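Look for chain A in each of the two complexes below; its partner is chain B in the first and chain C in the second.
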Partner chain A sequence: MTDRRGSLELIGPVLALALAGIVGSTGFVDPALENEFKGALVSVAIVVALYVFVGNSGVVSFGHVSFVAVGAFAAGVMTVPVALKPTITPGLFAFLGEHSVGNLASLALAAVLGGLFALVVGIPLMRLSGLAAGIATFAVLGVTYNILNNWEKIGPGPLTLTTIPETTGLLQATIGAIAVVAVAFAYQRSRYGRKLRASREDPAAARAAGIDIHRERLWAFALSGALSGLAGGLLVHLAGTLQARDVYLDLTFLTLAMLVVGGVGSLWGAVVGALAVSALDSFLLRAESGEVGFVDDLLGKPLWGGSRLVGVALFMAVVLVFLPQGLTRGREFHLPRLGRRRAVAQESSA
Partner chain B sequence: MRRTGTWVALGAALTVAISMTATAASGAISRSEAKKPIIIGAAMDLTANMAPYDTPALYAVQLAATKINAQGGIGGRRLQVNVCNHQLKNQKTCALQLIQQGAVIGMVTCDVEFAAPAVQEFINRGMLTLAPCIGTDQMGPKRFGPQGRLAFTFGNIAQDEAAAMAEYAYGRGWRRAVIVKDNLLAYFQNVADLFKARFTELGGTIVQEEGFSSFSNTIQNAISKVAPTRADVIAFPTAFDGLAPFVGGLRALGNDTPIINSWGGDGNYWWPQNPPVRNYYYVTYGSIYGDDPKSAVNRLVREVTAINKGETPATGSFIPGADLVDALVAAIKGAKGSTRGKVLAAQLEKFKGFQATSGKITYSKTVHGVTGRAYRVMVVNNNQAKFLRFWKTKKLASTG
Partner chain C sequence: MTQAATPEHERWPGASLRATAVSRSFEGIRALDGVTLELHRREVVGLIGPNGAGKTTLVNVMTGFDRPTAGSVELEGREITSWTPHRRGRAGLARTFQHSHSFGSLSVRENVEVAALGVGARPREARRRATELLDLLGIERKADARATTLAHGDERKLEVARALAIEPRFVLMDEPAAGLPEGEIPDFVRVLRTVRDEQGAGVLLIDHNMALVMQVCDRIHVLDQGRTLAEGSPDAVRGNLDVTAAYLGESAANGSTASAPS
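Now for the complex of A and B:
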């Protein structure tokens, strides 16, 4: 009974993502807005991947975008047509320059490399906790960025990689986001997820109960890295171009903020946070471009340039002041219990 | 309490759908005009780091479009410039918005790395895509593959600009050079590498090479390494946040070696007050200080200033901006009114010495950037900029 009720927690995130996918594909939506919907769905995938580790372990990671970056570069470099590689990325290792793969294979490769990278760096890092863990993961981000930004044997170096097939349509973005959510849900309901959450609540008690915290964190980190890599693959196939800066600090802070705004303690929070911040970001961008009629009418001109960044930051600040645990208060999705309410009402009237 | 949290979250999710749908509904445009305008979709940066380069170019394009329209447009069709300020963050969304608004010609920001997402989107839809001032040969097939045939820049390519810097420096009798390379953008890297190639080819010696990256707080390291070096000239092709600390820092440390920069170092918006900029040279498209030898350039400066609320253009990018419209008009006329990307690209590739505002423009099937323009060599002393002379590249630089 408890398991069945628990499974209902997945309905909210899946419905929200399906709704975003459906609304994005309706005729009301222009191509630019459709692109924003795709972006929101990919953001959900990244934030949920981040949540798998941060939400379940309680350890903040500033380095998850490294795994997104690895996935994005792997999927991007390996899907540029072989014929174009000698001119676009002439410095690649021969085995990278002479081969290309399709969309699905590139996404699988992105997930595998993201997971492996996380596993390798996680072995030493997962022994750390608190601020030390956060700073160490941030160091991983810095190292990854600099390697990707400079090493032309594995990518475009400081240049922008172009001609990447734009295969992340609304369907792929929706399926990708739902798949990441489903894996995250399955993990947090598994005994591994429960062990990690136990260690989050009380490390000493968890150790006393025989939980190997380092091992549990490492598995979660690797799984989270694999999902991040997959999300990176979705991202690069959405953008069609890629530069190391695209998967660095801005994305790190934006995705962490999405998680915090939604509620770091729940999967539902990760989904809501990513969608809400993406929507606000999209709305303000359009208002700045004079695309939102009522804002133009109100101000007599488009919103000031740069308002978007201020608006998103203010939104986060307001949410955190009034709802410190995020929009979902760190809780999972629950259907309103109408049946129980009716029964209570009948009992009291009797 | 638990239900309240669920409803708050549901409300947020609904807000997503409603706000996105509402903004979608407000984006519709009328297509009922009998003779539709030719819409140039400008995905530019008007407020972030590329603004000093993009804004003057955009104003020049708008100005030129107004003049064309006053003369009856192109075959009776008005030129309309729709702008989306992407702030270097949402280039692709901007490109899609502009396409939605009916843009048939794409215009992009003045650096190929920042422009790439919009370029890719425009050329994927078969649109001719023009950059007023991208300074490398990457704006074309070299970076964008076969579809890159639709991408052109009106900026001078790095092989030309770096050669002009090297030739001018060598011509001044400067034989020993330091190169400080900014690794942020391919443009800066190309100019630094090509300066080295041309300077050594002429007989000069590179006595020291340092590197840094804009926006990464690495410039101080370069300053401390270069300050004690004795050289005749320091080649410092960059823009952005490294300019003021490097130029000011070297002078504060007593190093008064001439510094030569590319067009990236144009403008006075970055000049430090103390110590002021001195012994600083750069090459550019046109002087923004009213002392350009060409009266047409000075007139253009006044016109751009007038539509820029009295502010002079930040850099000389208004010159290639004007060229862009000259070339576009000629291409559309040559294509008998067609605005199809492939047709217009074929017209532009036929340009051999096409006379534009700044001079003659020649393109080929492989090179979609400009060579052979006369550079203005400018000097700044005590925060006063002055036109020194013209310099035309004698031989393109090549790294072999």
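Now for the complex of A and C:
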């Protein structure tokens, strides 16, 4: 019975993502908005990947975009047509410059590399907790960014990688986001996820029950890294171009804001937060570039530059003030159960 | 349900948890000073003493939550002094905490299940143990409640259920009955005897309720200011005047609910 009720928790996120995919594709909305829908779905994949570690372990990571970056660069570099590589990325190692792979293979590669990178980095880092862990993961982000931004043997270095096939359509974005959600759900219901969530609640009691907190955190970190890598692959195939700074501080801030707004404690929160902040972000971005009619009419000009991040930050602050546990208050998706609630109320008043 | 004529530890001397000459100092204060305590399977040993005597520190040292500054801990002949708590848990060493710990946002049932998962049980087996233990402790009706919503007494029972979920060979209970209503003490005695006689575990019981300790313990170990003051059968210890002075006098002055710093 608990299992059936538990599977219902997956319905909300999957329906929300499928709906986003369908609405984006039916011409229901301005076709120019299709990219915004794709972007929102890819954001869901990134935020849910982040949630797998942060939500289940209770340890903050400011460095998760490192794994997105590794996935994005791997998938990007490996799908630029071989014929164009000598022009676009002349400095590559020979084995990178002389081969390219297809869309799906590049996504798999992104996931594997993201996971391996997280595993290697996680072995020392998972011994830390609290603020030290957060700062250390942030250091990883800085290192990753600088390597990607300078090392021309593995990528474009400080230049922009172009001619990446734009294979992340709405269908791929939707399937990718749902796949990441499904893996996250399976993990948190598995005994590994349950042990890690227990350690989040009470480390001492978890250790007394034989739970090796470092090991459980490391598995989650590696899984989270693999999903982040996959999401990075989806991201790069959406944009078609890639620079190191595309997967650095702005994305880190935005994805953390999404997770916190939705509610760090639940998968449903990660999905809701990513969709809500994406919507706001897209709206503000379009208003900045003068594409939203009523804002132009109101101000007599486009929204001020920089309004986008200010708006998202303000939204996050307001949500946190009124709902410190996020929009979902850390709960999983559930159908309203009026009858049950009444029964509980009676029992507690008796 | 009386004990068999030959206690297991006489048949199998290696089956014990032993702290040998352990000391633990905190910034110059000797919380433990050369204490030796051995706990065999199939026995309940009471650990008593006034507040601050070092009872909780001894439990912490034996379960790996604290390291002794001198001395060693052995589990069934293996030296485990430097083992982590979770490794000791997997080796069959369980504990409860003086101040209730729980996996707050998880349900009561999940609290017990996840403890079983922690030592490698499969989910189906974990569910079976949880059902059995919630029943044994008499909190099966609270199975679906969030752990944070429990009343104090039920919280103490969940603490014990979680410790038993790892199917321990030895379980160290730090004031498990503190705050239980007097009427529920007989049920708790029954639980302790089930653990000892049917599961064959060795139980170390810290409690200030002298009636409970005298009734259920096979042996009693008395600590005072970090040192062993007396040990032996309940009758022998009861007869010890030092104990009366150090413990009973103190406990009468402080009341039975006062607790030592952990």
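Brief remarks follow.
One rule holds in what follows: the second predicted complex is superposed on the first by the 324 of 350 C-alpha atoms of A that agree within 3 Å, B and C clash if a C-alpha of one lies under 4 Å from a C-alpha of the other, contacts with A are read in each partner's own complex, and residues count from 1 in each chain.
Note that in this section a contact is a pair of C-beta atoms (placed from the backbone, for glycine too) under 8 Å apart; a residue touches a chain by one contact, two chains touch by 3 or more.
Please read all numbers here as calculations on a predicted model, not as lab measurements.
Number of chain A residues touched is higher for B, counting chain B against chain C. Looking at the shared chain after the overlay, A:191 reaches chain C, while chain B stays out of its contact range. Of the two partner chains placed by superposition, only chain B is touched by A:285; chain C is not. Contacts of A:213 after superposition: chain C is touched, whereas chain B is not reached.
In the overlay built on the shared chain, the residue A:11 is in contact with neither chain B nor chain C. Touch criterion met: A:204 reaches chain C, while chain B stays clear of it. With both structures placed on the common chain, the touch criterion links A:334 to chain B but leaves chain C unconnected. In the superposition on chain A, contact of A:313 is made with neither chain B nor chain C.
Considering their complex, residues 2-3, 5-10, 12-13, 15-17, 19-28, 46-47, 84-85, 87, 89-90, 92-94, 96-97, 99-100, 112-113, 116-117, 119-121, 124, 138, 141-145, 147, 183-186, 189 of chain B touch chain A.
The part of chain A that touches chain C in the complex is made up of residues 191, 194-195, 197-198, 201-202, 204-213, 265, 330. Listed in rising order, the residues of chain C touching chain A in the complex are 63, 65, 84-87, 89-90, 94-95, 97, 101-106, 110-111, 113-120, 122-123, 126, 162-163, 165-166.
The residues of chain A lying in touch with chain B in their complex are 12, 16, 19-20, 23-24, 28-33, 35-37, 39-40, 81, 83-84, 87-88, 150, 158-160, 162-163, 166, 239-241, 243, 250, 262, 268-269, 272, 275-276, 278-280, 282-283, 285-286, 288-289, 291-294, 305-306, 308, 323, 327-329, 331, 333-334, 336-337.
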